[in-house]
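Same chain, two partners: subunit A is paired with subunit B first, then with subunit C.
Moving on to the complex of A and B:
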């Protein structure tokens, strides 16, 4: 029951964001309740050149260390490959990790990733020794290209960030799973309800990354627990082998007293 | 027996420092107020605030005790203000929340939240006609709104000036442009060091706000390790083409914006909220977000003059709760975060009770359940 990210074994399949919580303390309690070992954080707006976010970064680092987890810096807010590469390098220095959740946004309104800039940035960062976790749309060819460039982890969206619309295009997501059986697939962005997370796990996804669904819940700590349970349910469902759908009803209890000729139309 | 009144050194002359100094001086205590800023307080968070008294407007991002402190403070402000000469800007005509058609889910979320957690408080849904009656200039762009009738606002800068005048007429010893480098306590007294001068007092009250952060306060001056700064940026606009009567909050999934109408065509538009200790000037991105959001609420802002853009740090503990921490002869008040004016009267009452108890006097603490000391 473990998730492997670039060789690191984790005993939990949730990756969790660190923004939008009512307070750092509630964030901490939600992260601990989720059991997640990977916490993403952004540094774009904190004026990283002057280490403006130092105190909150340290706070998040302390939480992560409490359960032997990992920080996953992200490039949220970047719109070009160049910007993302610069920020990734800065975050590697600040946090001493070569993991980077690569986000390059192409559209301001729905924050849709820019696939072209994303590929450019991925190639440069991998060449520079980074372990890239790209956030991308649910386009099979794009995911394939990212995998071919050397991304062991691919993170397609369920729907646009923060919308909570859930899995908008299950067919695409299933196709990516089927066609990239060896990639670590993490469903990122757009998850709203615990059942969305469950659905992703039932599809055979390796994990999910979420933030708003927990941080914006009325009770974030409780919602974190709900998601942990949903992931567990989905994963157990997937490994247990889901029964095949079929057209004809089949009673689970034999109806001995019903004559065999008694069927619709008889 | 000597009959000298107890001496109290108050470090930090922001909102709480000034209020405490006024109330304790009125009681006859011998007050020394020390601050790194001048009397205009242009570097304090209180100067850059909007002075919103909107407990329900803050409810979704705050713990219930903050909301309750906000409502209690709304009752306490009039008496505080009445005791200051010539102070007039206190308004309790409700606040309005609006959102664009595509973001209606924000309304649903807010309404559900208030119904679940604050069912005792009144929230009115307005249709276009009601909007036109309440805020005629908003009814054109917004087909519906949420009216929170009990909310209000205060003139934050006017209040800082009124408190300055009051302190001067009370002849409080106020050391401006003074950096405190050390705070020591002994069994019976405390000492504050500034410019190599040692000032002894029976009690020290630390109201430094963000100045008490580890990054800013010297090691000897009792820094608060868990205190952080949360960056906020605001505009002051002069918009004679805009006529709003009460605070308006735009609910948007990305940008939380409020517009606080002050007197004579002035508006405070804010505020960003960034987890950063950086207090450098406003960024272009923040400026664009704030101004385009303001423009989307009222096109009259297009021709407004930008009178000021400010960035400041809100002092916050990791639970975003205010705290009054008492030691032998030191009381530290901090962490008012984005709620300074909203909760100041309750914090002040709790602080005054704590001071009396610390000086060995009997004092009731009616807000102990909201702000445990």
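Moving on to the complex of A and C:
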């Protein structure tokens, strides 16, 4: 079970967020239970007197170092390409990585990505040496444009961030998979339950990125394990070749020599 | 001159640089923490703090790592 992100092979298909957990300790245990090697985080203004952020940062550093993991900074909260590019550069300096989860939000109501600004930011960041993981809608042409710009990884949403609504448009997601067979596709945002992850893997997606579904579960650590199992199940289902759906019923039990009925005249 | 650091107004001398502004905003211990800086929404690398001059009304953002999804 491996996932390759910009040439880096990982032994797990889950990318996990570090926000919204009931406590830093639960966050740490949930991330470890998930098996994920990629942890997302962000940058924000903070009162330097506050030690809360530094403690979380220390926790995340410890987790990543212990498990040969990777940091994936995001550009959450950015609404223009310029803001996102600036935040990406700041993140690269602090986190010493050229990976960036690129978020450029176009609407506050559903936190829908702005496709125009996203493309502008992607082009600038790739030119500056970044390895961009764009968070985008499930629009095939947008995904194609991102791929054409040089994004090896593309991350369409399942549904709006934090809704837990799961895969709103399976047809769109399947079409992206079909039309971009060589892109690394990671389903990002809106995942609510393990079966959503399983379905994404059965579609042939390469991985998932999630946060709320684990952090907001009654038992985040156990839910992280559930998602890991769901990913494994979905991947095995995909590689095993799912049967063709049929319009009519076909008996599973052999009908030859069926006793008792179908007697002439009965 | 007055500048803004994370939205708060600071009064600095007219020759102040980004490094001076950070000294006004952060203690020496806090300056050892992980942070990054943008001046008027443009990234300023650590190597340029001392030679980047400020002007009245400038806005400095000093950002720290936090959890994120």
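Heads up, the rule we're going with is that the second predicted complex is superposed on the first by the 244 of 266 C-alpha atoms of A that agree within 3 Å, B and C clash if a C-alpha of one lies under 4 Å from a C-alpha of the other, contacts with A are read in each partner's own complex, and residues count from 1 in each chain.
As a working rule, contacts are C-beta pairs under 8 Å (C-beta built on N, C-alpha and C of every residue); 3 or more make two chains touch, one makes a residue touch a chain.
What you see is a predicted model, and the numbers here were worked out from it, not measured in a lab.
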{"item": "Subunit A residues touched by each partner, larger count belonging to subunit B or subunit C", "value": "C"}
{"item": "Partner chain(s) touched by A:54 [first = subunit B, second = subunit C, both, neither]", "value": "both"}
{"item": "Partner chain(s) touched by A:17 [first = subunit B, second = subunit C, both, neither]", "value": "second"}
{"item": "Subunit B versus subunit C as contact partner of A:182, first or second or both or neither", "value": "neither"}
{"item": "Touching partner for A:45 - first (subunit B), second (subunit C), both, neither", "value": "both"}
{"item": "Subunit B versus subunit C as contact partner of A:218, first or second or both or neither", "value": "first"}
{"item": "Contacts of A:68 with subunit B and subunit C, given as first, second, both or neither", "value": "neither"}
{"item": "Touched partner set for A:95, first subunit B, second subunit C, both or neither", "value": "second"}
{"item": "On subunit A, the residue positions that both subunit B and subunit C contact, one per complex", "value": "45-46, 53-54, 56, 162"}
{"item": "Subunit C contact footprint on subunit A (complex, rising order)", "value": "17-21, 27, 40-46, 48, 53-54, 56-57, 60, 73-74, 76, 82-83, 86-87, 89-91, 93-95, 161-162, 211-212"}
{"item": "Residue numbers on subunit A that touch subunit B, as the complex places them", "value": "22-26, 28, 45-47, 50, 52-56, 59, 162, 216, 218"}
{"item": "Residue ranges of subunit B touching subunit A (in the complex, touch as defined)", "value": "61-63, 109, 113, 116-117, 213-215, 228-229, 231, 253-254, 274-278, 280, 283, 285, 316, 318-321"}
{"item": "Complex contact set, residues of subunit C against subunit A", "value": "6-7, 25-27, 30, 33-38, 41-43, 45-46, 61-69"}
